Amino acid sequence: MNVSTTGILAQSLEIALALAAAPLLLGWVDQWRARLQNRSAPPITQPYRVLRKLFHKESVVAGSASPLFRFTPYVMFGCMTLACAIVPTISTDLPLATAADAIALVGLFALARTFIALAAMDIGTAFGTMGARREMLIGFLAEPALLMALFCTSLITHSTSLANMVGTMSHRHYVLEPSLAFAGVAFTMVSLAENARVPVDNPATHLELTMIHEALILEYSGRHLAMMEWAASLKLFAYSCIGLALFFPWGIAEVDSPLAMLFAVPVLVFKLAIGGVLLALIETASAKMRIFRVPEFLATSFLLAVIGLLVHQLLES
Amino acid sequence: MIHIDWILVIVAGWLALGVWALFALHRTKFVARRLFPLGGVLGLALAGVALDALFSTAEVAELVIGLPGLPMHLRLDELSAFFLLVIGAGTFGTSMFSAGYFRAGEGTAPGLLCLEYHVFLAAMALVTLADDAYCFMVMWETMALSSFFLVTANHRVASVRQAAYLYLLLAHIGAIAVLLCFGVLQANTGDYTFANLRAQHLDAVWASIAFGFAVFGFGAKAGLVPVHVWLPEAHPAAPSPVSALLSAVMLKTAIYGLLRIGFDLLHGGLWWWGAVLLALGLISALVGVVFSTVQTEMKRLLAYSSIENIGLIVTGLGLALIFRSYGMGNLAALALSAALVHVLAHAFFKNLLFLGTGAVLHATGERNLGKLGGLMRSMPWVAWLVFVGVLAGAGLPPLAGFVSEWLLLQSFLFTTALPNSFLDMLIPLVAAAIALVVALAGYAMVKFFGVIFLGQPREEKLLRAHDAGLWQRIGLAWFAAGCLAMGLLPVPLIDIVDRVTQRLLGAGLAQTVHANGWLLLAPIGLERASYGPAVFLGGVSAGVLLGVLIARRLYRGTLRRADPWACGYVGINARMQDTAEGFGQPIRQIFEPFFRITREQPSPFDARPHYRVDVQDRLWHGLYLPIARLVDWLARAVGRLQQGRISTYLMYSFVTLVIMLLLVRR
Amino acid sequence: MHALLNQSINLYAAFLLIVSFAMISQRRILSLVHLYTTQGVALVLATVTVAYLTSQPHLFYSAVITLALKVFLIPIMLHRVIDRLDVRWDIEPLINIPTTMLIGIVLVVFAFNLALPISQLSSSIARSTLGIALACVLLSFMMMIVRAKAIPQVIGFLAMENGLFFAATAATNGMPMIVELGIALDVLVGVLILGVFMFQIREQFDSLDIRHLERLREE
Amino acid sequence: MPATLPLFLTLLLPIAGGGVLALFGHLERGPQINVAFSFATFASALWLTAEVILGTPILGFEERFFIDPLNGFLVALTALVGFTTSLFSQPYMRIEREHGKMTAPRMRLFHSMYQLFIAMMLMALTTNNLGVLWVAMEAATLTTVLLVSVYRTPASLEAAWKYFILCGVGIAQALFGTMLLYLAADRVIGGGEGALLWTHLAAVKTQLEPNILALAFVFLMLGYGTKVGLVPVHNWLPDAHAEGPTPISAVLSGLLLNVALYAILRCKSLAEGAMTNGLAGRTMVAFGIVSVVVAAFFLRRQRDVKRMFAYSSIEHMGLMTFAFGLGGPIANFAGLLHMTVHSLTKSAIFFAVGHATQRAGSQLMDDIRGLLQSSPTLGWGLVLGSLAILGLPPFGVFASEFLILTSAMRQLPWATPVLLLALGVAFAAVFGRVQAMVFGESTQPPLPHRPALVPVFVHLGLTLMLGIFVPPFLNEWYQQAAALIGG
């Protein structure tokens, strides 16, 4: 793998950006949700405050917790960081991107999911196992859906390496791709589920009948919880970036053009802002669905993605 | 001719160990601690020789034994070398584990068990070496027979007997089918050497018949749906090291058979053969994984997961056949590589998992998931080593399972070039199904690990569970290391597989892969797809490190141990955790049509309410029992011939005579 | 003279056939034995005639053996068995007699046109009787099938053997001597054993009705 | 002629043995005498076969007797199985006597008839005269009838009676066939004994009148087929096997059926020679398949262990008939090999079964349990024997089935699925039963005397050897014999 200085630069810039901006994005979304629901909105920096608070609190760990339990938050954090690192947000010239293509990215998310589910089972409370089960339930439907959504684009771009996919998408002169429409919708639905947003999950409640993600991290506190929260925000960031990069791939810098990167950052911020508002809009507009409905929801997205593939085979190849 | 001789020496060594054990029939300690490790070392040697043979030219040998005019021919080519590698590597760890596993007074005498075990190994090795139909069949059946005796080791238990019976029955019927396949291949030449069979270029019809017999025969051994029913019965019945070998190594000999006959002797063939394999593999994968998620017995869960993995492998073979039939060498090589890599990966992680269950079984005497839990505390060694296997089995990066899965999905992604539009339509669906299967496998694995090792111990005795001994740790560690190594260094793996694909398809991935150094796996080209597990792992660990640093840097509070929070609920106990049934419930609900579910619901006024759910295979009631009933019916019908009346018998004779005379007369 | 004797063979043959039919229709065991004896006599006469015409000494010997065996020894033994076990009447046969007769006639026709081509190939002087011999064999076979008691069955068996013997004489001027001797020996021993058996069966089942011999079956 | 002496001995010794044992068979030493004579016969048979291997086909006593590869190896086999069976019957009969099933006179009868039976088998094999062949077969029937009924129980009497009547009728048909053969030969060679000598007939078989031969073959096939136990004329076989003493079941399955099949083979090669339309072969194939299938389904419903293995004998005789019907060097070779291994394996199984039934005091399989636990060697003998007979390698039965099925696959494709089905059903039936008998727990008392298991393992060892290595001379022998059968 050929590593250029600009590449390293872009890579580190991206990681830094992700780490910094992820909580911000979360805050932005929450702010807008509040606005749309006519609540007085928290400041956009609210997630930062939460992190700071957690970092100053004492971490209480269940007596029966195994090393796996304490180790998991960092794994989550690491996985999500890598995810953000390999998704081309401001540049396609990323040394790390060659290490993991779209399939590996899905694998990465699956790895994180496995860890968090196991950690939740580790304590052996009713909530933990319930959360783990629900998480895996969502996972085994969301993963293939995500994969298929990505495949739609890789069939168009004849590549699964994210950098190339994004590069090709941004280059090709604009044509209407019905398959992409399907893929986009499917991807959005998956992202909602994966990031524990309404209508699949509601990060705001601790109602055991409905909660999924919260049940997983119920036993965490202090620094571990901080890591978890941060990882969650990174996940949201990564997903939004993938979506934007694949379906709205404009303004992302190409190889060896450091200047373009400077231009790319504001573009990204702009796109994320729009995306955040849209997300908030969706969350406000829709109601939380019963847990039994979730599989249907995800199955729909899975089918949409597959239909996207078929449509591509029929019309576009 | 050095390699094959060495291999024969090793095989002879195994047999010698077996015979030696006969003289130490009941000296458990000697047999376990001395003979099994020796066998394991021989296995390691076999792996080494095979690896070396893989990169050298084919060798042949002849034994004195065999049919008159047909001495047993042996041939060591890349294909057999690869599978010998699988056998050897699989044997080493299992034998080491067995050294710490077998105890006195469990069913068959240890010495006898040792004999059967090593005969089994020898037979498997010779199956892959066989170069004529007779030798192949003899070794094939010997393998089945010895493994039958291993499965039925604890024959005091009725269920074990039934399982073993079902196993041998299906194995034998499959073997007869394979035999008929050879009968077609030899095309009346009366010459059974593979060289001759290879030379016979059959017309499409006969070739398809042969292929059909082969698929049925080897499918019955590999556990393809619908002839998989023996597998989830036999594997739990056997002692754990045996189940490990059965599932991780023996099933692969069936894959070897499919490759040898389908690709080598029949030279690929028609595209729809590939489609058939694809369909069978996919169905098996789906059925296997869905059933494994709802199992409540740990070894059954793993057995079904074996069906799933075999399904994935066969899917790869099918795809390779399709590509080959359209003359797309490189894509065929890609698909075949995926399958072969999975063969190797599955051999390692499935061994690991089964041996793990063995350790748990010995420590707790409990095989029911509903009664296990929290073993991570009491047996950390087993837990952490098995954890590696679980990640690999779930097909997660950066471990072994993911490489093959990745290659398989890649090969599906680039099928658009196929001239057959029907397949073009089909294959995205197949890819989707594969993705689904892999995700479900993750579900099953999480259930497996979580329910056994995590949470609160569901029984008192689990607290006293002892960790694995040194021998067992060696065995487990070997496989865990293998999973890691294969996961992190896919390029050497591709080198190994490349030899086989070159032999079978005349194409391989080695050059393209080597173009991008040993870190990156880019089978078609860097711009199309690339995967660098080492870097991947580096990235993740760097992220973890970053996280740790940040925590150290920012964290002000302290760490305190306390009771679990659980939303403030205090009276929490182990019974409140999800049981295995509970964990599988969503899958049961979603895939209802797959199962034949019988429930016992408690009534609201029950004094001691209990809930039982029993999930069975529909095939069993839809296919096998009807067949049995039909046979019985026919038997009854036939029985009327023998009614004991002498006049009737004379009448038979008389009528037969008259009929024959009439026939001659005309 | 020769011509007359030639035709006499056919006469004996016809007589054999009639006897066979008579056996089928006969219910009384004692008269079955008589019929068997007369059959034996006819057989001897036929053999002697052939022997005389073809002047083959060994046929004379076999005629003598036949006389001893089938006219004296076996009938006497059968008589003694019947007296000892005193079975006089056979119970109703499994198929009623008229039907049996009809089937018998069909069989005769069948046997004739089966034997026709072969007898033309035969060089024997009595070849035309081959069909009759075959008919006798088949008839006694059928008799064995329809009879429900042990003794009639045995008699049927012996009658069948007679038919074979006659066929041998008629078609090929008799088998080689050694074979004839062997056959005679076997028949003798066989009859002895059968005799013993009947006593044993009688004492085990206190009846000679072979419908008692239906215990061994696929239930 | 050098080989006449051993031939003479081979024939005379058992007859003499029959005579001697008729006088002293009831003594305490009776069994030993029996063994001694059997061994002497075996030794002289070995001598004879040695002579044959060295020399060419031999004729003796004015061509009345002759040895060629086909009957040569059968003579050796017969003498061997006769010997081992006598070894087995020694303790077996002793135990029977202690159980009160045998009395002194019955012992005498048993021993002398056993010797005479062996004598008749050897006579039938070695004679050159088809008429004498018939006589010997009939005599063998008579002796075995007495042996089957030796217990004098109602069941054994019934079995013997059926055996006698059915085989008597069958053999009568064979006589008619022989006569027709004689008639046919009469026209070519001219009358006299020469016209029944197989060597002469074989020399002129192409000139024999096809119509007569066709008719003759029908009668011979059905006649001797009754003794082979081919469906639908098999009905005597299971009864006789199940109700007689086990040594007799062993020799019935191991020897009598073989010899009957041998008779058919002799006739077949004549018929094939005369008729060009391959009718004989087709007939045998048809009988073979029907027997295999029907027997397989019979196996499914058996309760009595000896009965079950009797049906398995029917199945295997059917398989051999099928093979010989196919004809051709490979199939014939396979058939001969199958003959050998089947009689070895099946007699071994009957030895094991015999002791197992004595142990359980019942022939019902539901009463026989956990042999491996109560007497391991017996259990292993039974399970290995059964696996061998079911055609699992490395035993010899597999080798022959391998050749039969593979050569049938291309010559008679439609037949192979049927055979596959039948073999599968047979396997399921037999193995399910055997497994239940062998494995699991047992609470049965030990036997009063040490069982004779040496014969079992000797036979199994030979079968094993034939499965993985056929000695060159034996192979040579089989090849020649296969060539003799032709087709």
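A, B, C and D are the chain letters, set down in written order, and residue numbers restart from 1 in every chain.
The working rule: a contact is a pair of C-beta atoms (placed from the backbone, for glycine too) under 8 Å apart; a residue touches a chain by one contact, two chains touch by 3 or more.
Computed from a predicted structure; not experimentally measured.
Touching subunit A and subunit B together: no chain. Counting hops only between chains that touch, subunit A reaches subunit C in a minimum of 2. For subunit C, the chain with the farthest CA centroid is A. By C-beta contact pairs, the most connected chain pair is A-B. Measuring from the averaged C-alpha position of subunit B to that of subunit D gives a distance of 44 Å.
Each chain gets one centre point, the mean of its Cα atoms, and the points for subunit B and subunit C are 70 Å apart.
We define each chain's centre as the mean of its Cα atoms; on that basis subunit C and subunit D are separated by 31 Å. Averaged C-alpha coordinates put the centre of subunit A at 79 Å from the centre of subunit D. Each of the following residues of subunit B touches two or more other chains: 639, 641-642, 646, 650, 661. In subunit D, the positions touching at least two other chains are 161-162, 165, 169, 215, 238, 298, 301. The set of subunit A residues that touch two or more partner chains is empty.
Here the touching chains pair up as A-B, B-C, B-D, C-D.
Against subunit A, in their complex, subunit B makes its touches with residues 373-374, 376-377, 387, 391, 394-397, 402, 405-406, 409-410, 413-414, 416, 424-425, 428-429, 431-432, 435-436, 438-440, 442-443, 445-447, 449-451, 454-456, 516-517, 519-520, 526-533, 535-536, 538-548, 551, 554-567, 572, 574, 576-578, 582-583, 585-586, 589-590.
Residues of subunit C that touch subunit D in their complex: 114, 117-118, 121-123, 134, 137, 141, 144, 150, 153, 157, 160-161, 164, 167-168, 171-173, 175-179, 182-183, 185-186, 189-190, 193-194, 197, 200-201, 204-205, 210, 213-216, 218.
Contact residues on subunit B toward subunit D in their complex (touch as defined above): 64-69, 133-134, 137-138, 141-142, 144-145, 152, 155-156, 158, 161, 164-165, 168-169, 172-173, 176-177, 179-180, 182-184, 186-188, 190, 192, 631-632, 634-639, 641-642, 646, 649-650, 652-653, 656-657, 660-661, 664. The touching residues of subunit B, counted against subunit C in their complex, run 639-647, 650-651, 654, 658, 661, 665.
The part of subunit D that touches subunit B in the complex is made up of residues 161-162, 165-166, 169-170, 173, 214-215, 218-219, 221-222, 226, 231-233, 235-236, 238, 279, 283, 294, 297-298, 300-301, 329-330, 372, 387, 390, 392-394, 398-399, 402-403, 405-411, 416, 420, 423-425, 427-428, 431-432, 435-436, 439-441, 467-470, 472, 475, 478.
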